[in-house]
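These notes concern the structure reproduced below.
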């Protein structure tokens, strides 16, 4: 089952690359799509993009490593993002982050060993009225504090 | 070289290296600059990045082929058919520069007479190339406003080399691409001072500046300048001299700074020739394979140990300066030669490299404006007849060296001197690697380079490798009618099926044991690029 | 296809007719605010509950639709119920349960649930709620002081409907410029309006357009900067989500003015809903011929594409943004040449932000005179502010330039919650500075903010109360810019790192004498020597807080104290023995078991073990625990 | 081409339209400190070092990227400029592994020089070192990211001039590092060892292995022409105690400051122990050392003999396309004038 999915993802990636063949300026677009499909951007994906778009590999890597949205490591099944925008910061986001770090045993930016959770402190999500905000796989939870956040992630275990 | 002398009047690169970055279409044929002329290669890449479109004609997938709009992966030895096919498209589709052809060339009818048979389909068949690609390349080249052609040994090192060069010249003339900025017909010279050696008259029929030995007036000038009587006998080329050595007519050879034992084709023949000599002098910086056969070896200084000039591929005369002392008793080449002249009772007429250049300027109109004093300020391109002449970055502007008009000299396809057959079914081509330079006399003395690329190998297509049971990195026996060597297999898509490629740098498994003695009838250039061979897994490779 | 102004009018009339029909044939219309903030607050569940409840009750003559964010984020999820003939009711803090109740009482019963209504008792103290009447929106203080130009359609129309945009006179301005005005006249009109860039610098939009217009004809581009990077500002997101066509129309007008035929919207990838709605708007406009070739039957051709950012604040800087669109690392380039002369792929390019473009159509439609009549002397029109932080009415407020900070914070924003004391307001985000309480009555415009040492920026307005530590706040902003520095030039790359390092030491109680002077020196030099706007403004939050709150810095460095009780290294939780009732609750909640005591002896915190999480203080029912 | 009148530090001069302030300063001999500036590439203005004051302008101007204007008055040094540049140096030194005592670049390091020039004796700030590793895998040069000041010259020369696309800027902000994709080593990358990155590095971040063995003040440089292919690259031979220890590219017409692996690094044949140091004469089948007199006599006697026996045309000479014009000219003169034959050729068969 997993394998089957993987193959489809590869095919999908190949289609995306084919659609942008030779279009150097579409690099970031294609990387977005590739990451959407593959979940992350490992070397072989970057090589395929480089080859398809006629962009040197060193440039692809340079671009990927510049933008924080792109990742070369696989992310956890559940991606926790705690907003660290100003409003959330002022209202206590750092405590939420450290609470989660402690609970999960990882630092922000890392993924748990079992691949279940990744934790990220992210830029403003634009939901300042609910500060501090946390999202898990894009589902938003507002008005967080450390305890609430820990309670919520327990539901995902 | 001889080809351009016939069609344009001067056998040199028509334009300057630096112009390439502003080109809009670049046609590269029989040249792998990123390895053989790396700094040229980078500038072609700069041009490509600035929007130039690249056409590559090469049997191998060289690095620049990957950046090309069209890669014509032709069978080695079919350049002329390819060029004729392109010209057919250009003429039939009305893409030629009519005004230029009418006003600045002659022989168009003769050209069409031959080219008309080379439809892209026919050319494609000969070359093993898709006719559509030939058309596409032709259209692209004809569309260029600044469209230089660069070629190298992949064109000249064929038995039809001169005709190949003239076909390139035909193509350029057809599109009005000679005598203008950023265009031209540009041979990338094989070695640092090939241009200079020829300019200086180290060729049988010409004194310095391409002044004909056969012209009595010129002979008289040199005779007067040198204070001796001069022979009017036509001289022999090195290939002819070697043949003469084998037959016994040639009794002594003086070799300065060359290593024909590795660099010439058909090594067995060369060895036979040199061993057959009564007397062989070799003047060099190392005890080369050739020097080992000499009766007298004279130690010379290398470029870092002497004053002088080199003339680069774009005809630019540039200074070589002494940075260190030569080792031991080594002497500058010219000083050794001067001493021999003295012992022959001839006054050499100079006591330094600078004085030689003054003499060159005096006796050579195209160098008339060149002196060491001037070279301190600017490195000019010949022709540079006077001290107030700025030099000539572009040849044939408005008027050709040959006269008012350039000449079309068409040729039909000429098959290579040796083509694959049942006994020797594969085609071997030879060439250079980035990390080496000709025979490894110099580069081979750098352990780092030898660590990167230090052994002979042969490139073979995966299909052929499978057919012969060859593995990546395995040992392989390669045999031609002239000899047999063992080398390492490099299985790669860089070469097409049926074609093999070997660098000729290495003494272990030396490629030139295999290459043929076929030569171009005009330039006498050997056919390094095509010979027929067979391969087999070497028994040593268990 | 809309090919002429007449076509547009007819299209609009058909839409109006459709809406009239809808109103006539339905019992009620329900609009759920479904911007990011609404959805994050649970608007989708509310929407589903409403539909479900209607179905359960077999009510079929009610239209349920989504709108963008109306800006009153503090009240999300919001649902508007519109019964023909009666006052619209805006319900706040709706949850599925309330939603079902609203269907029951208001739709079926015909009686508004006043105590939940924002324009009823919903914002009043509990005891007053029941008595409150439903009033007009404009009588709600949050809306009353606003003038909505850029936000004119947000929360009012369905953002996914081109028809509803045209009902609000959408694309009339584009039709007007294409059929009645020359590009020069358009530029003149924009110049006369006094519109200044709403993204940060406040450069005259018309003048900028004029630069590009004056470049020789040929390929030109127009770009919308929707890389809203200021953490705490979300007006651009709201416009894109609530009224995407206003941006499309503004860009098309700009393109016509400068002679561009291609545009890009560079949008943060973190705004998926905005991207989706914008793409939808573009395809709708293309379908109707409002984008593409021969727009309104003229020679004008314009195509628009969305490009996604990838998490780099610096891409809000225009040259970095262009590099990013080109597929490069988002590194700023030297100016000059300015993008208006040499931008995308070396071609003349105009970059304006979302709010700026959203202002264009109204200016053309109502005239520069009208626009110029709003605002202050050198700052015309309105500005949208994102109110956040320690303020009751978190949300978007569009106010005329020249409104005082006090009006914004107290009248619109409802003041600081829990009776805390207002300490300062940060404008311009990480590039801006703070305004202390003594300047509350300063009219807000470009020039006044500059005088106070801050900037308008994109309109983030973070309110800080007494328990905000200004040193920590400055550290937060610098941490942000340091992290977002692209690394191209040494002043910004190394300078912000060195400054951050010092601030980190200061908040950890390791500050040394001379640090503040060094910080000032560094800040000044980084501002002067940096390559782009990011570095040139990065020290602002530090310099500005040092200007107004220097004593707080000095306390941190000299006394190792944080008066706001934020810098954990600089305070302790302390149980006042006299006040401690020995209930033991604090010891129970303490995650590290560092509180000991029993019924007889007051509880004591072991300071060596305390992690300063504050749980005890929060839990203490007798307020016996303090920070000191 | 229009000429513009500009004044630099009170000195009036005329420059062509399109000349940058930096170029104009060069013409007047005023030296402006630069780090990111690289001839033949569009100015990037990222190092912020080359600022000057333009009369009437609000801010200092980056001289590498600011064009001269008619009547422009430029001041290249004042208190403000000095403080600015000093600040840049301080910032760079704060994030630089200071190792001048053993660094192979000492003596030619621009950062070192400017730190002296601008009085930065002891760094007041320090950025914590990142866990980057040195890369000594290339055969010819080493890379130490802790000495890199991110002037980006290497990356630009690799990508925009050499076009080999090996080096890139990876990461961002303070963690930006010059390197190869996926942090691979030089040896594993597509690097062709052209060495152009090393040649343009202003510090010891990229340094040739051989540069460990000499210091700038110990060497002399001799401008010459490369002896490998026919492009004719101009270069400087770096000589210490009579030995070539390095090669640096020069700005020649055809190479414009670039070299390839052979030109840059393949100079070790010059003082190779296998070099011929004395004439050799074959005696009893073996080549034996001989004096010049002996050897030349042997050559002349034998050639005279054969000429007498079989005529001059029984003798041929092969000259070299590797050696100088002067040598070639002398060779053909010797063959034609002394031996008396036109049997002279070289391997040139292009």
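As written, the chains take the letters A, B, C and D, and residue 1 is the first residue of each chain.
Methods note: contacts are C-beta pairs under 8 Å (C-beta built on N, C-alpha and C of every residue); 3 or more make two chains touch, one makes a residue touch a chain.
Nothing here was measured: the structure is a model prediction, and the numbers come from that model.
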### Task
Would you mind checking which chain's C-alpha centre is most distant from the centre of chain D?
C
### Message
From the mean C-alpha coordinate of chain B to that of chain C, what's the distance rounded to whole Å?
### Response
68
### Task
Report, in whole Å, the distance between the mean C-alpha point of chain A and the mean C-alpha point of chain B.
56
#### Entry: Inter-chain centre distance, chain A versus chain D - centres from mean C-alpha coordinates, in Å
44
#### Entry: Rounded Å distance between chain C and chain D, as computed from the means of their C-alpha atoms
53
### Query
Of all the residues in chain B, which ones touch at least 2 other chains?
none
### Query
At which residue positions does chain D touch at least two other chains?
169, 171-172
### Query
Taking each residue of chain C in turn, which ones touch at least two of the other chains?
312, 329, 486
### Task
Name the shape of the chain contact graph, picking from line, ring, star, complete and other.
other
### Message
Going by the touch definition at the top, which pairs of chains touch each other?
### Response
A-C, A-D, B-D, C-D
### Message
Residue numbers of chain D touching chain C in their complex, please.
### Response
43-48, 51, 59-60, 62, 65, 83-84, 87-88, 91-92, 94-95, 124-125, 127-128, 149-150, 152, 169, 171-176
### Summary
In the complex, the residues of chain D that touch chain B are 139-140, 160-164, 192-194, 220, 222-234, 237, 239, 242-244, 252-256, 258-263, 265-272, 274-282, 287, 292, 295-300, 302-304, 306, 309-310, 312-350
### Message
Using the touch definition from the top, list the residues of chain A that touch chain C in their complex.
### Response
24-29, 31-32, 55, 59, 62-63, 66-70, 84-87, 89-91, 95, 122-131, 133, 135, 138, 140, 142, 146-147
#### Entry: Touching residues (chain side chain C, partner chain A) in the complex
36-37, 39-41, 73-74, 76, 228-234, 237-238, 269-272, 307-313, 324-331, 345, 386, 388-390, 394-395, 426, 429, 460, 462, 464, 468, 473, 476-477, 486, 613-615
### Query
Of all residues in chain D, which touch chain A in the complex?
159, 165-172, 180-182
